[in-house]
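Okay, handing you the structure first.
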Amino acid sequence: MNPAAGFSPETSASLRDPLARRRLTLLVLALVLLWPALHVAQFRPAALFDANSLRVMGGFLAGFVPPSTDSEFLKLLGRATLETLAMATAGMALAFVLAVPLSLVVTRSLSVSRIGPGPGRWPAAAVRAAARSLLMVLRACPEVVWALLFVRAFGLGPAAGVLALAITYGGMLGKVYSEILESVDTRPARALLEAGSGRLAALGYGLLPAAAQELASYTVYRWECAVRASVVMGFVGAGGLGQLMDQSMKMLNGGEASSILIVFLLLVLLADGVSMLLRKVLA
Amino acid sequence: MSARDATLPAQPKPCVPCLLVWAGLVAAVVASFAWLSLDLRTLFSAESLASMGRFIREFFPPDLSASFLARTAEGMLQTLAVSALGTLLAFGSGALLALPAAGRWGALTRAGARFFLNLLRSVPELVWGVLTVLLVGLGPFAGVLALALHTAGVLGRLFAEALENAPPAPERALREAGAAAAPAFAYGCLPLVWPQWLAYGLYRWEMNIRMAAALGFVGAGGLGQMLYFHLSLFQQAQAATVIAAMFVLVAAVDGASARLRRALVPAHA
Amino acid sequence: MLDLRGLRLVHPNGQRALDGVSLHVKRGERLAVIGPSGAGKTTLLRIAGTSLRPNTGDVQVLGEAPWGLAARQLRTLRARIGTIHQAAPIPPRLRVVSAVLAGRLGRWGTWRALASLAHPADAAGAHAALARLDLGDRLFDRCDRLSGGQLQRVGIARVLYQAPDLILADEPVSALDPTSADAALRALVAQCEGTGVTLVASLHALDLALRWFDRIVGMREGRIEFDLPREQVTQAMLQQLYAGDPLLPIQPPVDADSALDGEARAPVLMCR
Amino acid sequence: QSTPATVLRVSAIPDEAPTELQRKFKPLGEYLQKATGLPVQFTPVTDYAAVVEGLATNKIDLAWLGGFTFVQARKRTDGGAVPIVQRAEDAVFTSKFIVPADSTAKTLKDLKGATFAFGAPSSTSGSLMPRYFLMQDGINPERDFKTVAFSGAHDATVAFVASGRAEAGVLNASVWDKLVEQKNPNALKVRVLATTPTYYDYNWTVRPGLDPAITRKLTEAFLALDPANPAHKEILGLQRASRFIPTQASNYDGIEAAGKSAGLIK
Amino acid sequence: MLDLRGLRLVHPNGQRALDGVSLHVKRGERLAVIGPSGAGKTTLLRIAGTSLRPNTGDVQVLGEAPWGLAARQLRTLRARIGTIHQAAPIPPRLRVVSAVLAGRLGRWGTWRALASLAHPADAAGAHAALARLDLGDRLFDRCDRLSGGQLQRVGIARVLYQAPDLILADEPVSALDPTSADAALRALVAQCEGTGVTLVASLHALDLALRWFDRIVGMREGRIEFDLPREQVTQAMLQQLYAGDPLLPIQPPVDADSALDGEARAPVLMCR
C-alpha cells in the first residue's frame, strides 16, 4: 500500500505494455500481406468512377423499371417462390437435424473432460477434432458436387438439391452454433458440469438462456440464404427462384430481374420478421 | 420464514403466442416435406449407395501433375485474394452499418439501416457480379466488389444482432460515467462482441472462398471456374485436386479462426 | 471426507495460486477458510470441488480420488458436491425456479431436466429451498430482476436443493446484510447439522466465521498459515494473517448450537 | 438392367434457358406420350453434367444432347448410350463468332488480347468446336485472350457481348438464327465476325438398357414427324428442325477427336 | 450536492423498489446507506447516479437537475459522478489497465480514448490508482484472470482514476477481506478528504459504515427508516432495521480522521 511505489525504476519497466510489440508486428504483417492481395485482385477503385461504365450501368439499371408484370412470368415466379420456400424449409430442417448433434460434440464449453482436465481427455479431444473436420468437409465441398452425388440416388428433381443444401448448410450451422455457444458467458454451464450435470442439461440451463436468441436469429438467416441459394437446385432440375434470377440476369432482362429482386426483398423482410418474433418468444 | 413465503406463488400462465409460433414452424416444415414429396429412403438403398460410391471413387486419385498443381496454386491465390479483400471491405462497412442497425441512433435510423442492409443482402452475389462487371469490367476486381456488397449486408445484420444481444451493463456503466458514445462502445461493448464479430467475419471469409468459386463468370477465375470447367468435362481427377485446394483454404481459415478465438475467450471458459 | 495433500497450482499466466497446501476435513465438520484477497481461497475450493486439477498434490474427496475415476463415476461424485460460487453463475434470463432446480441436474435424467425447463418438475421443492432464505415469493421471477443479495441467495438455494454430501461455499454471503447473512449461514449449517454433511466455506466476515464454524483455516499467499479450532484463534494470529494495518477487534465467538434455536430448527426439508 | 418403364423421363442439356427448353419441349412431349403410350416427364436442368449423370445412372430415359455431351455420355456408359435421331441441320452444324456491331475486328486473329465469352464449357457449339477451330487458326484461348469467361448458355453469350461485358463470343448458328428472327434486342447490337466449318452436333439419345420396344417406338415417332402436317410443323418449328433423320454413334467420332486434340477429353 | 425529494420507483414487474425517499447530501459529506437485502439501496444509488429515472420525485445532482439537461450537459454532469457497482461491470476480456483508464473516458476525446485501447495512454496513472489498492502488479493482466476481490478493487481503482466530484459506491468492499476492505475505504475517504468530494456508499458491513462514515441512512422496504449522524445510531435502531433475528453487537465507532494517520496521508495523486 505505498502510492509512491509506482515510480521506482523497477516498476517503471513494468509500465511498458507487454503486448505492444506483438501488436505492432501483426499490424506490419497484415499490411505486407495486403499488398500482393490488392495486386492479384486487380484492385483499382478508380474504375468505379469511369464515366463510360457508369453510363452502361445506368442504362442497364434503367431496364429494371418497370418490374415485369407479364402474367405468364408472374405465374412462373409464384410457383418458383413456393418451390423455393418449400425446398429451403425442408433443406434447413434436415441441416438442423444434422448440425445440432455435431455442434454439441464440438462445443468446448460443454466438454466435461476439459474440467481439470479429467478422465477421457484425449479421446474427447480426438472426437471433437474429428467432428470438427467432418463439419469442415461437409461445408467445404461445393454444393454442385453434393448435388451430382445425390442425383445418382434420387435422379433429377428437388430431392438431390434439397439434400445437397442440407449437407452444406448442416456443416455451416454446426460450426456457427458451436461458436455461438462458446462465445456467450460459459460460466453457468461450467458450474453445472462441475456439479455433475449432463451435457444436454448444462446446455439447457447454462447456455441456451443466453444463446437462444442468437442461435435462432442465425438459423433464420441461414434459411434466408437457402432461399437465395436455390441456384444450386437448378443444376439438378429443381428450379426455384435462384435459377430464375440467374437466367434473367444472364439475359440482361432487367424487368424480370427486378420482379425477382422484389420477391427476394420481401422474403428477406419476412425472414427478419420471423427472426424478431422468435427472439421475442425466446426472451 | 415470513408469511409471504408460506405459499407457493401462482405459476405464471404459459405464453400462448409462443406456442403458436412453434406450432407454425413445425407445420411449415411438415408442409414442405409433403409438398416436395421427398422420400429420403431411396438414399439408403443398396443400388444408390453403390452408385454414389462409384461416383466418389472417380475422384481418386487426384491429378497431381506439376503443371496442374501450378495452375491450381494460381487459382488458389486468386480465390484467396478476391475473397479476402471482399470480406475485409465488407467487415469494415458491415461494422459501420451495424451500429445504426442495432438501434443506437434511434428507431428511424435503425429502420433505415436495416432496410439498406436487407437490400444489400437480398441481392445475391451473382447478381451483384453482373452489375459490378458492367461497372469495372470482367476481372477479379468485379468479384471483389460483388462479394463485398453482398457480404456487407450479411455481416451488418449479424453484427447488429450480436450487438443487441450483448449484456448492456458494462457500456451503460461507462455512459453513466459520462463517456461519449464511441469510447463507451469501444471499452464496454466491443470487448464483448468482438470475438463473435471476428468469428462471423472469418466464417464469412470461408463462405466467400466458396462463393468466389461461383463468381468465375465475372472473370474472377480462380478455383471456382476451374471446378466448374473440370466437372463439366467429367475430368474428376482434376476436379478432385481443385476440391482439395478448396479444402486447404477453408481449413486454413477455419484453423486461424479457431486459434484467434481461443486467444480471445475468457480464462474461465 | 476431504483429503488434500501438498497442493501446488500455478496459473498459465504465472500466478502462483497455491504453494503447498494440505488439508484434511472429516465428515460433518464445518470449516471456514479466511485470508486476504488473492490468498488462494477460491482456488483451494475449486480444487476440492474437482473443477480444477492441481499441478502437483493428492486430492481425495468423499473418499474417492477424483482424478483417477472414470468419467461416469466422476460425474456421480460431482453430483454429491455442492458449490456456492463467489459470483452466482446463473444466466440472467433464467427463471429463479429453474436456477434452483438446476441443483439436481446431476441426479436427474436428461429428459426430466429438459422438460423441467418448460414446466418446473418440482416447484414445491424449489420454493421450500428459497423460503428458507426468505425469497419464496420470487419463485417465478427472472434472475436479472433480482437485487445483488437476492441473486446470491438463489445460488445458496440451489445448493440447499441439491442436498449434497459436501458443501463448498465461496464467500456465500458477501452481498448480504448482517441479518440475511446470518440467516443464510444458519440455513447452511442447519442443512449439515445431524446429517453428516460437511461444510467448507471461505469467508471475509471474521465474525461470521467465528460464529458458525468450528474450525478456522487461515491462508495467505497460497499457503496455510494456521489451521485451528476456533477457540484457539487469537487476535494476534488474525493480525498476522492480514498483516499490515491494525485489525478491528474481533467478536467473541458465539456458540453456533445455541444460535440454532427457535424457527431455525424447523424441519430440514432437503437433507437425504 | 432394364427396369419396367412406367414413365418416360426426359431431360435436355441446358444450352438455353430452362424455361425456354420447357416451352420448346411441351408439344413434342405430348406427341411422344401419344406415340409411346407412356406419360412423359420433362425435367429442365442447368448443369450439363447432371444430364449425363442422369443417363448413366438410369435416372433419365431420353435426353437431348449436344455432340460433345453425347461423346462424354458414351464414354461414361461404356458405349451404352445410343443416339437415335438428329435434326437434318445437325449434320452440317456451325458456330458463329460475334463481336459488338461497332467493333473494328475483321478476322479472328484481331481478337487476340480481347475478353472472350464461350457458352458452357461442355457445349459442343459454344465451346469445344470453336475452341478446336480457333486452335487450328493458331489461337490458344487461354493464352491469347485477355480473359476467358463462360456465359453458360448461347443466348447469354449474345447478352455478354451486347452489353460490352465481353469483347467477343461464340454461339451456335441455330440459336443465332432464332435470335435474329425474333429481332432480339441484344442480337441487334452485335454482328457475326466468322463462321466455323460444319460438324455433327445435337441428337436425341436413349439411356443404356432402355426397353428396345420403347426405343423403336421413339425413333419411329421422331422420324414420322412431317413438315407437311400442320401439327407436326409446330413441333418441328420449335425444335428448329426441318425434319429428323436417323443417326449413329460413329457420326460423333470426329468430335471425340476434336475434343482430344483440344485437350478437353483425356 | 445531492438533493432527492419524494422518490418513488416501481419496476415494470411490479416490484416497489423505492416508496417515497428524500435525501439531502452536502458537499464533502460522507454518507453510508445500510439496510436489508432488497431494501432499495442499489436503486437509490442508481437514481443519484442519473442512470435510473424515478417514477415520481425530484432529482438534483451536483447542483443540476439531470432530467432537464440537454444530452451534452448531461454527459458533462455524468463525467463528474463516479460509480462503483455492486458487481464490477467490466468485460472479462478487457485488460486491467484499460478497465481503469476507462474512468476518464468522460473527459478524454474520442480519438485519445480509442487509441488508448491499442496502446494505453496513461499507464502510469492507472498504475498509481491500482497501487493505492495494492494491485499495481496486475496492470497488464486480463480482468478474467483476477480473483473476486481483485476485480472489485479494479472497479474502485477506476473511480479513483476518474477523480469525480461525487462518488457513489454500491457495496464497494463486499468481496474484500477486512484489511483490504478497510484499506479500500481509506483510499476512498482519502480521495474525498479536504477536496470536497462527496461520498455516498451502500454497505452491509456495519462496522465499516460506522468507522468511515459521518452520517448513516437506514433503509427498509423502499423507505428511509432513519438518517442520523453516526453517534446517534443506536443498537436498537439497527435491530429494528434488520428486524428479525437478534443482531450481533456492533463495534463502537472509531474516529475516521485518526485512522487516516501515517502512510495513508501520502499524497493523494488523483484529486483535482
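Quick notes on this one:
Order of writing sets the labels: A, B, C, D and E. Residues in every chain begin at 1.
The rule is short, and it goes like this: contacts are C-beta pairs under 8 Å (C-beta built on N, C-alpha and C of every residue); 3 or more make two chains touch, one makes a residue touch a chain.
A quick note: this is a predicted structure, and the numbers were derived from the prediction, not measured.
Chains touching both chain A and chain D: B. The count of contacting C-beta pairs peaks for the chain pair A-B.
If each chain is reduced to the centroid of its CA atoms, chain A and chain B end up 3 Å from each other.
Chain B and chain C, compared by their mean Cα positions, are separated by 44 Å.
For this pair, chain C with chain E, the centres built from the Cα atoms lie 28 Å apart.
Counting partner chains per residue, chain D has residues 47, 49, 53, 57, 151-152, 163-164 touching two or more of them. Among the residues of chain A, those touching two or more other chains are numbered 1, 56, 60, 144, 148, 152, 154, 185, 187, 190, 231, 246, 250, 252. The set of chain E residues touching two or more other chains comprises 145, 183.
Contacts between chains, counted with the stated touch criterion, involve the pairs A-B, A-C, A-D, A-E, B-C, B-D, B-E, C-E.
On the side of chain D, the complex with chain A involves touching residues 9, 11, 17-19, 43-47, 49-50, 53-54, 57, 59-60, 151-153, 155-156, 159, 162-164, 186.
The touching residues of chain A, when paired with chain C in their complex, are 1, 112-113, 115-120, 185, 187-188, 190-192, 194-198, 200-202, 204-207, 209-210, 283. Against chain B, the residues of chain A that register as touching in their complex are 36-44, 47-48, 50, 53-54, 56-57, 60-61, 82-83, 85-87, 89-90, 93, 108-109, 132, 136-137, 139-142, 144-145, 148-150, 152-154, 158-159, 162-163, 172, 175-176, 179-180, 182-183, 185-187, 190, 213-214, 217-218, 221, 228, 231, 242, 245-246, 249-250, 252, 257, 261, 264-265, 267-269, 272, 275, 277-278, 281. Residues of chain E touching chain B in their complex: 49-51, 75-83, 85, 89-94, 98-99, 102-103, 105-108, 110, 113-114, 117, 142, 144-145, 162, 164.
Only residues 11, 13, 15, 34-39, 42, 86-87, 141, 145, 147-150, 153, 170-171, 174-183, 204-207, 211, 242, 244-245, 247-249, 251, 254 of chain C touch chain E when the two sit together in their complex.
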